[in-house]
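Next come two complexes built around subunit A: one with subunit B, the other with subunit C.
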Partner chain A sequence: MLTAIVLCFAFALVFTLFGKHLRGRITYLTSLLPLSLFIYFLGLQNSLSSGGEFLSIYPWISSLGIDLSFRLDGLSQIFTLIITGIGFTVFLYAAEYLRGHPFLDRFYGYLLMFMGSMLGLVLSDNLITLFIFWELTSISSFFLIGFNHRDQKARKAALTALVITGGGGLFMLLGFVLMGMVAGTYSISEIVLMKSLFSDSIYLGLIVLALFAGAFTKSAQFPFHFWLPDAMRAPTPISTYLHSATMVKAGVYLLARFSPLFDGEIYWNEALILFGTITFIYGAAQSIFKTDLKAILAYTTIAALGIMVMLIGIGTSAAIYALLVFICVHALYKAGLFLVVGSIDKICGTRDITKIRGLRNTSVVLFVAALLAAISSAGLIPTIGYHGKHLIYSSVMESGAWGIGLLVLTIAASILLLCAGLLVGLKPFTGPVSPEVPLQKHTPPAMWITPLLLGLTGLGMGIFYRAPQELLFLPALESLHGGIVSKQMHLWSGTDTLFWLSWGTVLAGIILFVFFRPSHEYSKRDKKFKKFHSRYLLEQGVINVKRTFSFLTHVLQNGYLRYYTAVILTFLIVLISLRMYTGFENGYEFEFALDFTFNELATIIVMVVSILLAVFTTSRVVAVASLGGVGLCICLLFVYFSAPDLAMTQFTIDTLTVVLFVLLLKKLPLYLSKVDTGVNWRDLIISCTFGLLVTIITLEILFTGSVKEISNFYAENAYLLAKGKNVVNVILVDFRGVDTLIEITVLAVSGLGVFSLIRLKMGIDRER
Partner chain B sequence: MTTLILRTASVYLMPLLLLFSVFILLRGHYLPGGGFVGGLIASIALVVYGYANGINQIKSFLRFHPGALIPTGVSLSLISGLLPMFAGKPFMTNLWLDGTYPIIGQPGTALIFDTGVYFVVVGTALTIIFSIAEDNEK
Partner chain C sequence: MEVILAIIVGFMYAAGIYLILRRSLVKLIIGLIILGNGVNLLLFLLGGITKGHPPVIGESETFLAGVYADPLPQALILTAIIIIFGLQSFAMIFLQQEYVQGGVEDLDSIKEEEEEK
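Let's turn to the complex of A and B:
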C-alpha cells in the first residue's frame, strides 16, 4: 500500500520536473497509473470480502507514536476504488480537455500528488499521518483550483479553499492530539475500539467539536460551504475529481471512520443530523436557481454531502449502509455529469444553461452518457442511483423520533436534486438548436467515452446489484459498523410505501423540470442577502484582521532597534510577573553569596565599572569597548565556575560582536546624544526591572530540585547513551539534537535575511 | 586598516586558527569544544585575515561565496539525522562506528551533525560581516 502511495508521489515529482515532453497522445499513457492501481486494489477485494484486512506498518517517528501505518478495510476499499477508478477516467479525459496546454506537466504532477495524498488519507491507520495526507489534499487542491494562475478570481478561490479547509484541518489536528492523549495511541483501528474510554473522557465534547471543524470545512457543510462553488474556477476535470468525487468526501470519510466511536455520545448524532439537513436543503434549493452548469453541480454536490452527513448522524446500520452505497452512487453520476458539462463547455464555449439547447443532434453519445448520469441521479430504476435512493428513504423512515420530519425534508431535497440533475443532463440536449451550438464539430473520443463509461458502470451496478452488494458494500458495513441490515438492495420490493414515495419523487421532479425555466433573474435576487452570507462574514473578518495587524505593526515594528528591545523586554516582564504572581517560592539562603574568592570579587568590580562606564559615557567607541569588557568578565566568571564550553563560546562571540560594531561604527553618529531624559528614565526602569526578574528566576532555579534531576540525568547518561564525555556537547548534538537542527535553521534564515536586506539596500543605492 | 603588523601576523594566524577550529570541532564530544565554537573560531580566523588584507583577498582565497556554506551545513545536519532512518531507526538516532580514536573519541553521525553546525555558523557569520563590509566599501 505504501508502494501505491509512493508511486503517485514519485510520478508527481517526475512529471513536475521532467514533464515537458508530455504532449499529444503520450498524455493518455498517464492514465495507466490510476488504472493499474485500480486493478491492484480490485485484486485485493477477494480476500477483503471474506473478512480479511490488510495492515502494513513502516516505522517513522516511533518515539512519538507516529508511524506510516496503512490499513485497508471495507470503508477504505470503497474510497480507493473511487479514487483510482474515477481517477482513471479523469486522467484520460484531461489529456483531451487540456490538450496543448503549456502547463500540462504541472497539471499531472499536482493531480498525481493529490491522488497519492487522497489514497494516503483513506488508508492511514495513524491519526497524525492521516492529518498530514489530509492537509496535502488541501494543498494540492489549492494548486489545482489556481491552475489558471493568470485568472485573479481563480487565485482568490484557491486561497479561500485553502484557508477554509486548512483552517478546519488545524482544528482537527487539535482533536487528534486530544484523542491521542486520551487513548495513549494514535492508531485509528485501536482507538475506535475504546468507546467506553472516550465516553468517560472530559475531552469528549472538545474532540467531537474539533472533528466537526475538520470534516465540515472539508466536506463543505453549511456554513463553510461557499468555498466549493468558488472552486469551480478550476478546470472541469479537477472539479470532477477533487470537488465532487473524492476530496470533498474526505470529511464524510472521517466522520464515518469515527462513527462507531462517537455514535450515541453527547451531541454527535443531533449535530450531524442538524448540519447535514441544513446543508442539503440549502444546497438543493440553491442548485436549481443557478444558470452556470458547473454551479448547479456544485450546489447539488453540497446537498449530496449534506445527505451523507445526515446519514452518519442517524447512525443505524441501515443508514450507514445507505451511506456506503450513496458515496459510490454519487461519485459515479456526479463525475459523469461533470465530465459531460466539461465537454459541453468545450463544444459550445459556454456553460450558460439558458443559451445551450438542442445538442442532441450533434453529440449523440454525449447525450446518452448525460442521460445515464441524470437518471442515476434521479434514482430511476434500474440504475445504482435507484438503490441509493431507496436505501436512504428506508433508513430515514426508520430513524426514530425525527423520522417523518426528516423524510419530508429528504424527499423535498430529492425532488429539487432530481430537477437539477435533469437540468444538466437533459435540458442542454433537448429543444430547438440554439445559435451557440455549432452544427458540425468533431468531439475527441476521450471526451465522451469517459462519461459514458461512468454511466454504464452505474447502470451495470444497478442491474447486477448482487455482486457489489455481496462483495463490496456488505463487508464494508460489517467491518465498519459490525451490523447487518434487513433492507438490502432489491430491484423489486413490491408496492409498499417506499415504492410510492420513490415514484412520487420522480414524478414531482419531472413536473418541476417541465415547468421550471432557468433564468438569470434569480442570481440578482441573491445579491440582496449578501450581508447574511457566511462568505461576507469571513471576508469582513479577514479585512479587520488585516487592519488590526497593520495598526499593531506600525506601533510595534517601527524600525528602531531601541523600541524593539523595549517592547520585547516589557512583554517578558509582564509575562514573568504574571507567572510569579501565581507561583513564587521565596526563602532563599544567601550564604553561598558570601563565599567568593578574590579573583571573583575583582572580576565583578571590573564588570560593574565597565557597565557604569558604558551607561554614562558620551562616546560610542568607549561604550562599545566597555561592553566588550563586560563580556570578557562574564567569560572569566564562566571559567571560575568551570564551564569552559560557555567561556569559549562567549569569548568568540564577543570578539565577533566587536568586529561587527567596528564595521558599523562608520554608520552611527560618533557621540551618543542624550537629550530626552524621559526616554532615559523609561529605559532605566525597564532594564532594572528585567535585571531584577532575571535574578529572581536564577535564584528560583537554584533552589528548586527539578533542575538538578535533569542535569544529573544528562551527566549520567551522556557517556552511556551518547558515547560522549562532554555533556554540553552531547546535549547539543544528541539529547536535544532536533532543537539544534532548528536553531541552525533559524541562524541560516537570519544570515540570509541580513544578506538580502543589505543587497537590497545596495541595489537601491546604486539606482540613485 | 592595513597595518604591517596585523598583515604579517594574519598570514600566520589564519591557517593556525583554521586548524585550531577544526581541532575544536573534532574534540567536541569528549572535551570542551564542538561545532558552534569551532565555527566561530574559523570565522574569526577568516575575518582577521580579511581585515588585514582586504575583503577581496579573502574572497579570492575562499573561491566561493561564504553564503554557500549555509545550505551545505543545514543539509549536512539534516542528512546526518536522516541517515539512521535508512537503518530502520527513528530520526536523529545516533549511529556509531566501532573503536575510539584520539581527539575524536568514538566517531558517529553526531560528528557529521556537528560539522553541519560548524558550516552554518561560519557561513552565517561571514555572510553577515562581509555583506556589511562590502556595503561600507562603496
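Let's turn to the complex of A and C:
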C-alpha cells in the first residue's frame, strides 16, 4: 500500500520538476498508473470480502506514536476503488481536455500528488498521518483550482478553498491530538474500539466539535459550503475528480470512520442530521436556479454531501449501508455528468444552460452517456442510482422519531436534484439547434468514451447488483458497523410504500423539469441576500483582521525611537510585576544592610543632588558638570568598598567622558524649549516604576545570596598559577586574557567608528 | 548600606530612562551615561560589597584568605566601564554628526525626515 502511495508521489515529482522535457507527450500513458492501481486494489478484493484486512506498518516517528501505518478495510476499499477508477477516466479525459496547454505536465504532477494523498488519507491507520494526507489534499486542491493562474478569480477561489479546508483541518488536528491523549495511541483501528473510554472522557464534546470542523469544511457543509461552487473555476477534470467524486468526500469518510465510536454520544447524531439536512435542502434549492452547468453540478454535489452526512447522523446499519452505496452511486453519476459538461463546454464554448440546445444531432454518444448519468442521478430502474435512492428512502423512513419529517425533506430534495440532473444531462441535447452557439463538430474519442464508461458502469452495477453487494458493500458495512441489514438491494420489491414514493419522486421531478425554465433572473435575486451569506462574513472578517492589525502596527511601529523604548519598558514592567505578584516571598532582613558611615551618606547625597541637577537643569553645562559629579561619587563608592582598580578606571573614564562631552557641546544643539507636561508625567511614571522594580529585584537578589565557587578559584590560584598579586588584574590579563583582547577590539572598532564619523564631516567640508 | 545603594541604583535607572525618553539629543546622551553608571553600580552591588579588604594578595601570602572583596564582579565591571565608554563616545559623535550634518535637533524629526523620502 505504501508502494502505491509513494509511486503516485514519485511520478508527481517527476512531472512537476521535469515536465518541461516531456511536453505532454505521454499524457495518455499516465492514465495507466491509476488503472494499474485500480486493478491492484481490485485484486485485493477477494480476500477482503471474506473478512480479511490488510495492515502494513512502517516505523516513522515511533517515539511519538506516529507511524506510517496503512490499513485496507471495506470502507477504505470503496474509496480506493473510486479514487483509482474515477482517476483513470479523469486522467484519460484531461489528456484531451487540456491538449496543448503549456502546463499540462505540471497539471498531471498536481493530479498525481492529489491521488497519492487521497489514497493515503483513506488508507491511513494513524491519526497524524491521516491529518498530513488530509492537508496534502487541500494543498493539491489549492494548486489545481488555481491552475489557470492568470485568472484572478481562480486564484481567489483557490485561496478561499485553502483557507476554509486548511483551517478546518487545523481544528481537526486539535481533535486528533485530544483523541490521542484520551486513547494513548494514534492508531485509528484501536481507537475505534474504545467507545466506553471516550464516552466517559471530558474531552468528548471538544473532540466531536473539532472533527465536525474538519469534516464540514472539507465536505462543504452549510455554512462552509461556498468554497465548493467557487472551486468550479478549476478545469473541469479537476471539478470532476476532486470536487465531486473524491476529495469532498473525505469529510464524509472521516465521519463514517469514526461513526462507530461516536454514534449515540452527546450531540453527534442530532448535529449531523441537522447540518446534513440544512445542507442538502440548501444545495438542492440552489441548484436548479443556476444557469452555469458546472454551478448546477456544484450545488447538487453539496446536496449529495448533505444527504451523506445526514445518513451518518441517522447511524442505523441501514443508513450506513445506504451511505456506502450512495457514495459509489454519486461518484459514478456525478463524475459522468461533470465529464459531459466538460465536453459540452469544449463543443459549444459556453456552459450557459439557456443558450445550449440541440446537441443530440452532433454528439450522439455523448448524449447517451449524459442520459445514463442523468437517469442514474434520477434513481431510475435499473441503474445503481435506483438502488441508492431506495436504500436512502427506506433508511430515512425507519430513522425513528424524525423519520417522516426527514423523509418529506429528502423527497423534496430528491425531486429538485432529479430536475437538476435532467437539466444537465438532458436539456442541452433537446430542442432545435441554437444559431447563436456555433458547434464544434469534432470531439476527440476520449471525451465521450470516458463518461460513457462511467455511465455503463453505473448501469452494469445496477443490473448485476448482487456482485457489488456481496463483495463490496456488505463487507464494507461489516468492517464499519458490524451489523447486517434487512433491506438490501433488490430490483423488484413489490408495490410497497417505497415503490410509490420512488416513482412519485421521479414523476414530480420530470413534471418540474418540463415546466421549469432556467433563467438568469434567479441569480439577481440572490444578490439581495448577500449580507447574510457566510462568504460575506468571512470576507468581512478578513478585512477587519487586516484593519485591526494595521492599526496595531501603526500604534506600535510608529517610527519614533522614544515610543519603542517606552513600549518595551512598559511591557517589561507588566511582565515583571506579574511575576513578582505571584513569585517573591522572601522576607527582608534590613538590620545588617542599613548601617552606613558619614562619608558614605555624604557621597550618596551628593550623588542624588547631581542626578537631579543633570535631569532637571535647563543648562547643558550644568548637566555635564553634574554628570562628572555622579561619576566621581561612584568612584568614591568603589574606594569605600575595596575596589581600587575600579576606582582608577572609573576616574579615568569619567574624566574622558566629561572632556569629550564638553568638547562636543559647542557643536550640539541647545535643549528644546518644547514642554509637554502630559508626556513628561507619563515618562516620569514609566521610568520611576522601572527604577522601583530594579531596586526590588536588586534587594531580592541580595537577600537570596550567591555562589562564590568561581571567585574562590581565582582567589586561590591567582598567585600560584599566574604569579600575580592583584587578583582583578590577573583575571583580566591572564585567566580571561582572550576576553580582554576581544574587549579591546570592540573598543577599537568603536574608536574607528568615531574616527570615520569625524572624517566624514571633514570630507564634506572639503567638497564644499 | 546595601539597601541605600539598591535605592540609588533604582534612582539612576529611573533618571537615565527618563532622559532617554526626551526628545533632545543632549538629554539622550546624558541619559545613556547615567544609565551606564547605574548598570555598573548594580553589578558591583550584586557581587556583594566588602569594606577595607581589596582583592590583593598580601606580601607574604600566596592566596587570598579570610574576608576579601569578590574579584570576579570587579573584573567584569572594569570591562563594562570601558565598553560603555566606547558606546557613549560613539553615540555622542553620531548624534553630533546628526545635528551638524542633518540639522537634527529633535529626535522625533528623524522619523519625519524618513517619511518625506
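One rule holds for everything that comes next: the second predicted complex is superposed on the first by the 546 of 768 C-alpha atoms of A that agree within 3 Å, B and C clash if a C-alpha of one lies under 4 Å from a C-alpha of the other, contacts with A are read in each partner's own complex, and residues count from 1 in each chain.
One rule holds for everything that comes next: a residue touches a chain if its C-beta (ideal position, glycine included) is under 8 Å from a C-beta of that chain, and two chains touch if they have at least 3 such contacts.
These numbers were taken from a predicted model, which means no experiment stands behind them.
When the shared chain is aligned, no partner comes close enough to touch A:Leu159: not subunit B, not subunit C.
In the superposed pair of complexes, A:Arg759 makes contact with subunit B only, with no contact to subunit C.
In the superposed pair of complexes, A:Ile573 makes contact with neither subunit B nor subunit C. Within the superposed three-chain model, A:Met194 lies out of touch with both subunit B and subunit C [touch as defined at top]. In the superposed model, A:Thr740 makes contact with both subunit B and subunit C. When the two complexes are overlaid on their common chain A, residue A:Ile61 makes contact with subunit B while staying clear of subunit C. Which of subunit B and subunit C touches more residues of subunit A: that partner is C.
Contact with both subunit B and subunit C is seen for A:Thr649 once the two complexes are overlaid on the shared chain.
Contacts of A:Ser711 after superposition on the shared chain: subunit C is touched, whereas subunit B is not. Look at A:Leu702: by the touch rule set out above, it reaches subunit C but stays clear of subunit B.
Residue overlap on subunit A between its contacts with subunit B in one complex and with subunit C in the other: 644-645, 649, 653, 656, 660, 664, 667, 725-726, 728, 732, 740, 747, 750-751, 754, 758, 761. Contact residues of subunit A toward subunit B in the complex are 59-63, 644-645, 648-649, 652-653, 655-656, 659-660, 663-664, 666-667, 722-726, 728-730, 732-734, 737-738, 740-741, 744-745, 747-748, 750-752, 754-755, 758-759, 761-762, 765. By the touch rule above, subunit C contacts subunit A in their complex via residues 1-27, 29-30, 33-34, 37, 40-42, 44-58, 61-65, 68-72, 74-75, 77-79, 81-83, 85-90, 92-97, 99-101, 104-108, 110-111, 114-115. By the touch rule above, subunit A contacts subunit C in their complex via residues 558-562, 565-566, 569, 590, 593-596, 600, 604, 607-608, 611-612, 614-615, 620, 623-624, 627, 630-631, 634, 637-638, 640-646, 649-650, 653, 656-657, 660-661, 664-665, 667-672, 674, 683-684, 686-688, 690-696, 698-699, 701-702, 706, 708, 710-711, 714-720, 725-728, 731-732, 736, 739-740, 743, 746-747, 750-751, 753-754, 757-758, 760-761, 764.
Against subunit A, in their complex, subunit B makes its touches with residues 24, 28-37, 40-41, 43-44, 47, 51, 67, 70-71, 73-74, 77-78, 81, 88, 90-92, 94, 96, 105-106, 108, 110, 113-114, 116-117, 120-121, 123-125, 127-129, 131-136, 138.
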